[in-house]
Amino acid sequence: MSDRGDNLVSRRRAALRILAVVVPLAVTTACGPSAANSGEIDLPGAMRERIEALESRIVGGGASFPDAFYQAVNTDFNKIAGGELVTYAKSGSADGRNQLNSGTLDFAGSDSLPKADEQLPEDLLFFPTVAAPITISYNLSSVDELALGPLTLAAIFQADITRWNAPEIAADNPGVSLPDLPITVVHRSDGSGTTKNFTSYLGSAAPGLWRLGVGDEVAWPSVTQGAEKNSGVAEVIKKTSGSIGYVDLGDAAKAGLSIARVQNSAGHYMLPTAEAVELALEGADVAADLTFNPLNSPGEGAYPITAPTWILVSARNAPDEVESLRAYLEYLLGPAQSQALALGYVPLPKSLAEKAIAQIDRLHS
Amino acid sequence: MTMALSESELSESERSDTERSEAGLLVTGDGSGARADRLFRQTALCAGAMILVVLGLIVIATTRDAWPAFADLGPDYFFGTIWSPADGKFGIVPLVYGTVVVSLIAVAFSVPVSVGIALFITEVATKRVRGVVTMTVDLLAAVPSVVFGLWGFYQLIPLFQGVFNSIADLLAPIPVLRSVFGHGSGSGFMSAGIVLALMITPIISSVAREVFTTVPHNDRLGALALGATRWEMITGVVLPHASGGLTGAILLGLGRAMGETVAVALLIGASPQISANLFGRGEAMPSQIFRSLSEATGSFRAALFGLGVCLFVITVLVNLAARRVVTIADRKLKGS
Amino acid sequence: MGSTTQNSTLDSDKHPTSQRPSGQRPIGRGVVEGATIARSRRLKNSAATIAMAAAFLVAAAPLLIMSATVVAKGAKVVATADWWTSPIPGDVGRADLAGNPTMCRLGFGDPVACEQGEGASSIVKGMQPAIVGTLLTVVGASVLAVPVGVMGAVYLNEYGKKNRLARTIRFMTEVMVGVPSVVMGVFVYSIWVIRFGTAGKSAFAASLALACLMLPIVVRSTEEMLRLVPDSLREASAALGTRTWKTTVKVVLPAAVAGIVSGCLLAVARAAGETAPVVFTIGFVTTTNWSFTGQNTTLSAQIYSQLQNGGSVATQLAWGSAVTLVVIVLFLTIAARFATRRLTAQ
């Protein structure tokens, strides 16, 4: 019990510190500033009272990429609310949008923008929530640091380059002795937003060369290996010497994989650090509806394979649900942002978060 | 065999029942009792008919939901060799292939072991040892599929990866074997098949055991009297006698293996492809349904329901074949 | 003859030595000891005997190793009060990543946890929702399947006998026993979840799917037990002027009750361990739901989804769930064996 208590204290202290340093957003929310109070989770008192008073349940689902973030946020939110008020079930971006349209979900998580012919509620609002890097993870015991340019990456993933000591890889890594090993490319075997973001990155960074196209699933060469979910890809890379694949940061970190530097559009080889991801977000053009594309983002220090994610909500909702949705979104875009870094996501840049919070006012019943 | 036994019992009990009901009518003719009797009978009848209703509903509901796939894709569905939901390609051949390959591997590994266990129980073991062996086999049957999957996923796959890859290295110079036993990551047809073999061993061995006990005692004694060793008695008398029943047992195991879901889903590698490499990844019909159904919509969902229908048909056919083989073998035994 | 193990086990327990006078030693033992038998034949015989014993070991060794692994990995997790009383942690990812060196090096992660190093965060590992969900679905499935199954068997054995309908039902029962469990899940998904949407996912929907699975097993095992009740009992009852229904309820069913209970327990054990039909139909929760309505979760579903989560905490949750599930299933199986014993003793 005391162990748990200590941990809560340390977590609170950590949250406080991040809150102070990274996103002083709590101040900008409508609720105004407030000192930390006696509860387990720090947030402005007015917001706490609002959340405690909520009664209507809201159900979300969709993208699995931000699932770890939403689960952690929901756990805290429900703890404050004193009941299971918000749930999120990962089922894929397309499924989330589909269920939002049919009305079974109150909000949908989606990593990708809807297709032009997709049926969706009329006043659809996009709320960007967090962003995260897609890592290029590899398994080469003799190589500690690996750097790859977009053209090399494209050639590796479409199996034009099949050995680690190929001249293209050597050109990206001067002075590194590369082993004479076959390359095992590991990719997602299930349809995935991660695949879509990775392939659209290759499509834009290696135009002309990348020929497998862009999509949730593409026709990988037969010599490559498929695995299910991010955790499956990470597992295969961990077990297979000479393998390389694209994995979200959380799963790569859990499996303890080596992570490669990737060359950005300014020509620098970048690791997927929190800072580099944030720079990628700041470099992206944000449209009026808050959609944007941080992939291959311009900017000196940006990590190029940065994936966005949104929560999609219909502007018009049942009267009792509007209050829950508003409070949840305010929490998610405000205090909860401080949780992002610990989970392998990067919080929204201040300006974007402000725009998103302002958009909450458009929800009505 | 029990079936034959029970059938003779049945005809006997039928005869006695007519006598019994006549006696009942003679003694108590009051209406209320008769009504209760009728009510009870009708309740029982309804309950019995529930089997037919549920089975009928299963067929109708799944076929109805699968119909779009059958109707729109037609032969492309049943004979297509690419299963790629993202591209809207739903050819079930790779999944049928995966199911069949994994089940055959399972049966190939399981049959010698199961028959060995069954012979051990019926021909060798003393009463006490027999108890231990049957209990172990029953325990093996009781372990849930998902626990086999969990264990296989964390413990066997890392182990198998090394073993398979060393075998692949050994066989690399030999032309045909090279492609059948290629390199892999540990999960694939072979891993799923081996774990599945463990799971169907209790079924095959218990049916085989029953088959062996039907071999006439006198035939065994005859063989032994002629100076045969126990092994010669088994190969000369027991196995020839039991061959029909054994085929049935194997088919029953095959039917069960084809329908196994979770353990296979965790071990097969989730990659729908027709590959000769038994150490490589693949995908089976039940695993694909299991993985995707709750997330699928539109034509993908219809295609998955179609898989359910196909799986239903295949397993029912295999099971019926098994029953048929057992019945024929039984009749032959009775005749001889 | 049974196509499920459970049933075959019952058969063999009924007459374990049906073809052999009891107490007699297995044939062949000792007969080959004569010096007249050629050495090569004797060797072959011994080799075959060893091979048969080895076959048993080949099946027993993995069982032992698997049990040892499951217990070794899961026992510690289960041996806390929290496991049985707390909700499932929804933020496993956070606990798993706390202090992760890769994350910290890249500027992610919680600064304090990064200082403390890996495993800095402890998390309350609970599984009460899944334990409750497993019990609910299994009870629900039993309530649906057992009365119908037993009455169906009563029809087959006491009324239908060999008439055409009874033979059809018996045949279809065999067919249904062979239907894979995943198909039952697909069926309930079709008639229930698609119709009622996400709101339809519930312990009740899962019970429906498991009941479909249990029904043919219950019918078959109960019918076989009823068949074992000697006709002399029925005749004696009828001779006293008792109605067939009363004979069935007061004489036949009580005579077979141990066997019927045993068969039902085995069906319940099978249902409790099923994953495929449950995953489509039950949804997902992390807090305990005592109701048959609303989403729920089971131990088997948790094993699968925690395994998919990956990471050390999720893995511990999966092993812990496995231990809990195996204990429940073993308890039911052993209870069934005792019930069978009682019948044989009678």
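Letters A, B and C mark the chains as written, and numbering starts fresh at 1 in each.
We adopt the following convention: a contact is a pair of C-beta atoms (placed from the backbone, for glycine too) under 8 Å apart; a residue touches a chain by one contact, two chains touch by 3 or more.
Every value quoted in this text rests on a predicted model; they were computed, and no experiment measured them.
**Q** By CA centroids, point me to the most central chain in this structure.
**A** The chain sitting closest to the overall C-alpha centre is C.
**Q** If you tally contacting C-beta pairs for every chain pair, which pair wins?
**A** B-C
**Q** Relative to chain A, which chain has the most distant C-alpha mean position?
**A** Chain B.
**Q** Where the CA atoms of chain A average out and where those of chain C average out, how many Å apart are those spots?
**A** So the centroids are 40 Å from each other.
**Q** At what distance in angstrom does the C-alpha mean of chain B lie from that of chain A?
**A** Using C-alpha averages as centres, the distance is 43 Å.
**Q** Counting in whole Å, what is the centre-to-centre distance of chain B and chain C, each centre being its mean C-alpha position?
**A** Computed from C-alpha means, the inter-chain centre distance equals 16 Å.
**Q** Identify all positions of chain B at which a residue touches two or more other chains, and write them in rising order.
**A** 294
**Q** For chain C, which residues are in contact with chain B within the complex?
**A** 1-6, 8-9, 11-12, 16-20, 25-29, 31-32, 36-37, 41-42, 44-45, 47-49, 51-56, 58-60, 62-63, 65-66, 69-70, 147-162, 165-166, 168-169, 172-187, 189-191, 194, 212, 215-216, 219, 224, 227, 231, 234-235, 238-239, 241-246, 248-249, 269, 272-276, 279-280, 300, 303-304, 307, 315, 318-319, 322, 325-326, 329-330, 333, 337
**Q** How about chain B: which of its residues touch chain C in the complex?
**A** Against chain C, chain B makes touches at 1-3, 6, 9-14, 16-17, 19-21, 23-24, 27-28, 33-34, 36-37, 39-41, 43-52, 54-55, 57-58, 61-62, 64-65, 112-117, 119-120, 122-126, 130, 133-134, 136-151, 153-155, 198, 201-203, 205-207, 209-210, 213-217, 220-221, 224, 227, 229-234, 252, 255-256, 258-262, 266, 286, 289-290, 293-294, 304-305, 308, 311-312, 315-316, 318-320, 322-323, 326.
**Q** Which residues of chain B touch chain A once you look at their complex with the stated criterion?
**A** 84-87, 157-158, 161, 185-186, 269-271, 273, 281, 291-292, 294-297
**Q** Contact residues on chain A for chain B in the complex?
**A** Contact set of chain A toward chain B: 91-92, 94-95, 98, 189-191, 215-219, 222, 225-228, 232, 236, 239-240.
**Q** Provide the residue numbers of chain A that touch chain C in the complex, in ascending order.
**A** 3-4, 7, 10-11, 13-15, 17-18, 59, 61, 67-69, 71-72, 74-76, 78, 84, 87, 89, 99, 102, 104-105, 229, 231, 234-235, 249-257, 259, 271-275, 339, 341-344, 346
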